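After this come two complexes, each holding subunit A, first together with subunit B and then together with subunit C.
And then the complex of A and B:
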């Protein structure tokens, strides 16, 4: 028990150090704002998984709590700016948190009466309703333009004004770490465990003294709090909150993050949040077809690893622990190389279609990873199609090699485990 | 005078026009082991669903230790000291055996919906859950997900989850259904052992189990109790022989 406790402290200390040192590696403005976005996304995705992964509630409206937290935080910042009252900017995410918690409590009272498909539908309805209200009540939500705010209203306290992005990054990193610890801690409590039980079998939970509706409602309220903290940080980070922040798109996005990362593991959504943020902000700089790639990526994950990336990782844990990962390396590199050929050809095809359709200019040629491709010439089409077909055939062939290596290895590990 | 552990007065249940339970009167004394038998479709499981609050009664009154529990939600009835098992195994499949039992002891130890206690640090919860793991003989399966256990193991866990909260009235719905001879023998030993000092009501088809465990037997036919008494009386009862035993024992 003591060893476990000290291991935990070491783990969290390492996480703290990691967050603290990250900006030294990624010091450019673009990287720093992306890291800030990731921190916010991590809180949001984890809070979402308190519902989906832990309580079994598929919500299509989680951005409501995030967005409302953001609006309340923006208004609080503006009130401080107007001198109405004083509140330190460092603690401002709490305003968002309590707003999210309040709405989780109120709306959750209605939504958590049902689980399963009815819950999903009701959550979607509420998301639409709140999004519509955001455009109707322009006094509070600012209409299409949203609510602008200023994160520097607190002035300089101990040299921190929250003007420079690096200070905002550390604010987000600090709250992110606290939120991760908080949400992890909740999984280790009676309520957290009963949430799992209610997810598995709400009927049975009733016959061991628990009201499943109450369990869901409490989890919803707590998830609302953390979503609101994330929203508050978003208000501080972007200094503007619009109706999109609580819209259905944002709600859908967090579903993708959770699924891509893996809802079955506490850490899954963190992976998902980081990857999705990376794809969304980095990929969109390189190609207009990024949404297509993003959608395909999601599709591939759901089809081939329904447990998300976290599941792939845990699948390999016993192999890693038995120090037998080497056995998989040849098969994986072979399959990876074939897959890369297939993917490159596929991307080239998509880009060629895109450029063929989009440009009216004289030359449709464009550079693809340093190679000039010209969709106006048939030879390029034939070339990429042949490459794609060859890549696909090779990839298909190599999956069998991977399968065999994997089966041999698991058989070997099972024998070892039995002895 | 102490009131019976469980008392049913004129309990009725109908689904639409179909009447399943037609005025059941039953008094089960504290500490009694009571078996409810009857042909298929007699309404035995429905009766359990009414007592445990899973279905609302259409008419009548149910009392637990003298307290009216008619129409209460299942979790409220459970908190008053009545626990039940299910005919079709009803556990938490993705949780481990230990976690199933830990969840089942939480309410009775007063932790309710707490999100401020670290569950791993709650010694009494841990000890009680581990004690039940041992009593149901699942020590080697402790950390397995309940969903991958064998049928007989899941049935044992079902009983474990039922008794874990320390309820003093236990309802077991066909605890040995689908078991082999030897498994049934083990299950009977387990039931005897975990219900010491408690009131036990069970629905059971296996007559050897019934006569092995029960102090008293009630015979339910077409939603009515046609006889109630000690095993010997029931065996000698003409109406019972006609309605039930006569057709079952060749």
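And then the complex of A and C:
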């Protein structure tokens, strides 16, 4: 066994241990359901990155495969419940997976004939079509109410009934790990490499004897499979599937997840999925404007770090390995402090607008991190605006400091040959 | 006959509105290679701006002010947003406009709330233009057509008969050569983007009160406009025009027709028993399928002719 293989085995074993031990730390109901949600999001985002990151297909309709997988899984569960046939609940995500795969195969035949921008538009059109049909065929999709299901239909097998959330968490964690390994393995196969070639230069891929359309189609089918597995898990986890699951909003959400995490790295979408799920459930508790913050965060990532968070991490890897990270700390903390002032003032401004617009409230004053803000008074507006302007000016000034520190460090590392 | 003529007129006014949107989208796409996801958001902003200015100054100033404002926003978007991400490639540009659409919708929520606003047809245009058989045809629909056709003519003349129009046309195909001749091509890009946004804004001004002004209007019309552009062929204005009229007619007619396969089958003497498993499928009426129709048409077009009606290039 060579060194790489044994390192990988150690890595996956560590990941397994991590997944197994997580619920011991986060044992409350809320944390556990959030972890389950994250597991599903990770599978979904990674399967999306098989298209965008690895094959260069910008899809705006990936939730179609996720959602259809969820619907098929829910119906399969209901059929088992009705006693039509028997199938273990543990393997139920496979039903979703094969449903997603089937639709990836069928719809992919149409969509993957084009790449680039036309593919993006066509995938959006297909997503709209499926979403509209979902409201039309109420028998299968359950109309507005969706399809309800019951995950405990399998009864108790080896003491596992999937009644308690902790058992569902382990089901999701297990499938999540298997899917991550599966998708990582695909990147190592000739097909995965050809997908990269088709992404970078379809013409040359054609010259060496591969059909780019077929490579795209295959990747689409496989991505559909993993998305369907995620969908099946979602059906088991929530015990209800609505038409929103395959809607355009859901498709947009996975684009955000993958891109925020970073599409250039295999691990990027995992970071994105965890972060976005966390933000969505944490922020939505505190503010109505969370979608706006979320959208702006996405724009900032696109404009200033198009490689996502994963890229920021890899940029710092050589610095970390050369043990020079402490050289960046003063510049980063300075800039971070200025950025914090700017951000807080910005959030306060947005929240003031929101509370100002909320007409039904008698008093418009609200607490913002313990400070009472009253949008009915002009002084608060001026104060926040001044703070925002000052924060912005300081932030711009400190970015120069960061840039200088970074450039000096890079130059030094280049001399040493570390970069 | 009455039904047919009235629906035809309605579909014409809707199709022309679609063309106002798709023409800007097509121009921007063929010039910059960027598919502007936020295009329908500019349409929405046009409607909301018109509503807001209309509250203070009335409809007629809003008709001019609102597209100008939206156009200025478009110029800013190009200058400070798209130009920054341009170096990261087309995917980043596309995703930028996608994120922008997301943010614009949230800003609209923030300022105008989630419920539809009361943006009304001006009183001066709220009368019956003519009576067709028994249907009274509203003057505002006629006005919409007038504005659309007027804008269309202005666009055509502007692109073919003016100096800046010629520079734009040349920049579509040979940007490097145009730059070598001393024209500021990035500024031309900005101008086209602003112009496209302003057109969308104008469509919003006249469409917002004819239909409904709400935060979901961008998403509702956005994907239809994409269908129009794909169906007509990427980058072809003529194709976009024909496709707009076809899709407009398809949507308007299919919404109005309340027949199902069941009716057809019973006409030719076949009755489907209520117990039949397929009855649910047969009893779907044409009006129920209306939301799916444009997308179905697009998929069919892609299978038969991937580059669209008048498209010249594959991608």
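Basically, the second predicted complex is superposed on the first by the 414 of 419 C-alpha atoms of A that agree within 3 Å, B and C clash if a C-alpha of one lies under 4 Å from a C-alpha of the other, contacts with A are read in each partner's own complex, and residues count from 1 in each chain.
By definition in this document, a contact is a pair of C-beta atoms (placed from the backbone, for glycine too) under 8 Å apart; a residue touches a chain by one contact, two chains touch by 3 or more.
All of these numbers come straight from a predicted model, not from anything done at the bench.
Once chain A of one complex is fitted onto chain A of the other, the partner contacts of A:106 are absent, as it touches neither subunit B nor subunit C. When both complexes are overlaid on chain A, the residue A:91 reaches neither subunit B nor subunit C. By the document's definition of touching, neither partner reaches A:20: not subunit B, not subunit C. Legend: residue contacts after superposition of the two complexes on their common chain; A:289 is shown touching subunit C, with no touch to subunit B.
Contacts of A:125 after superposition on the shared chain: subunit C is touched, whereas subunit B is not. Of the two partner chains placed by the overlay, only subunit C lies in contact with A:115; subunit B stays clear of it.
Subunit A is touched at more residues by one of its partners, and among subunit B and subunit C that partner is C. In the overlay built on the shared chain, the residue A:204 is in contact with subunit B alone; subunit C does not reach it.
In the superposition on chain A, no subunit A position is in contact with subunit B in one complex as well as with subunit C in the other.
Contact residues on subunit A toward subunit C in their complex (touch as defined above): 52, 56, 58, 60, 110, 113-118, 120-122, 124-126, 128-129, 132-133, 135-139, 248, 252, 255-256, 259, 289, 291-292, 295-296, 298-299, 302-303, 306, 350, 353-354, 357.
Residues 1, 185-186, 188-194, 196-197, 199-201, 203-211, 214-215, 218, 222 of subunit A touch subunit B in their complex. Those residues of subunit B that touch subunit A in the shared complex are 52, 73-75, 78-79, 83-84, 86, 90-95, 99-100, 102-104, 106-108, 111-120, 122, 161-162, 164-165.
Only residues 29, 33, 35, 81, 84-85, 88, 90-92, 94-96, 98-100, 102-103, 106-107, 109-111, 113, 219, 223, 226-227, 229-230, 234, 280-281, 284, 288-289, 291-292, 295-296, 298-299, 302-303, 306, 314-315 of subunit C touch subunit A when the two sit together in their complex.
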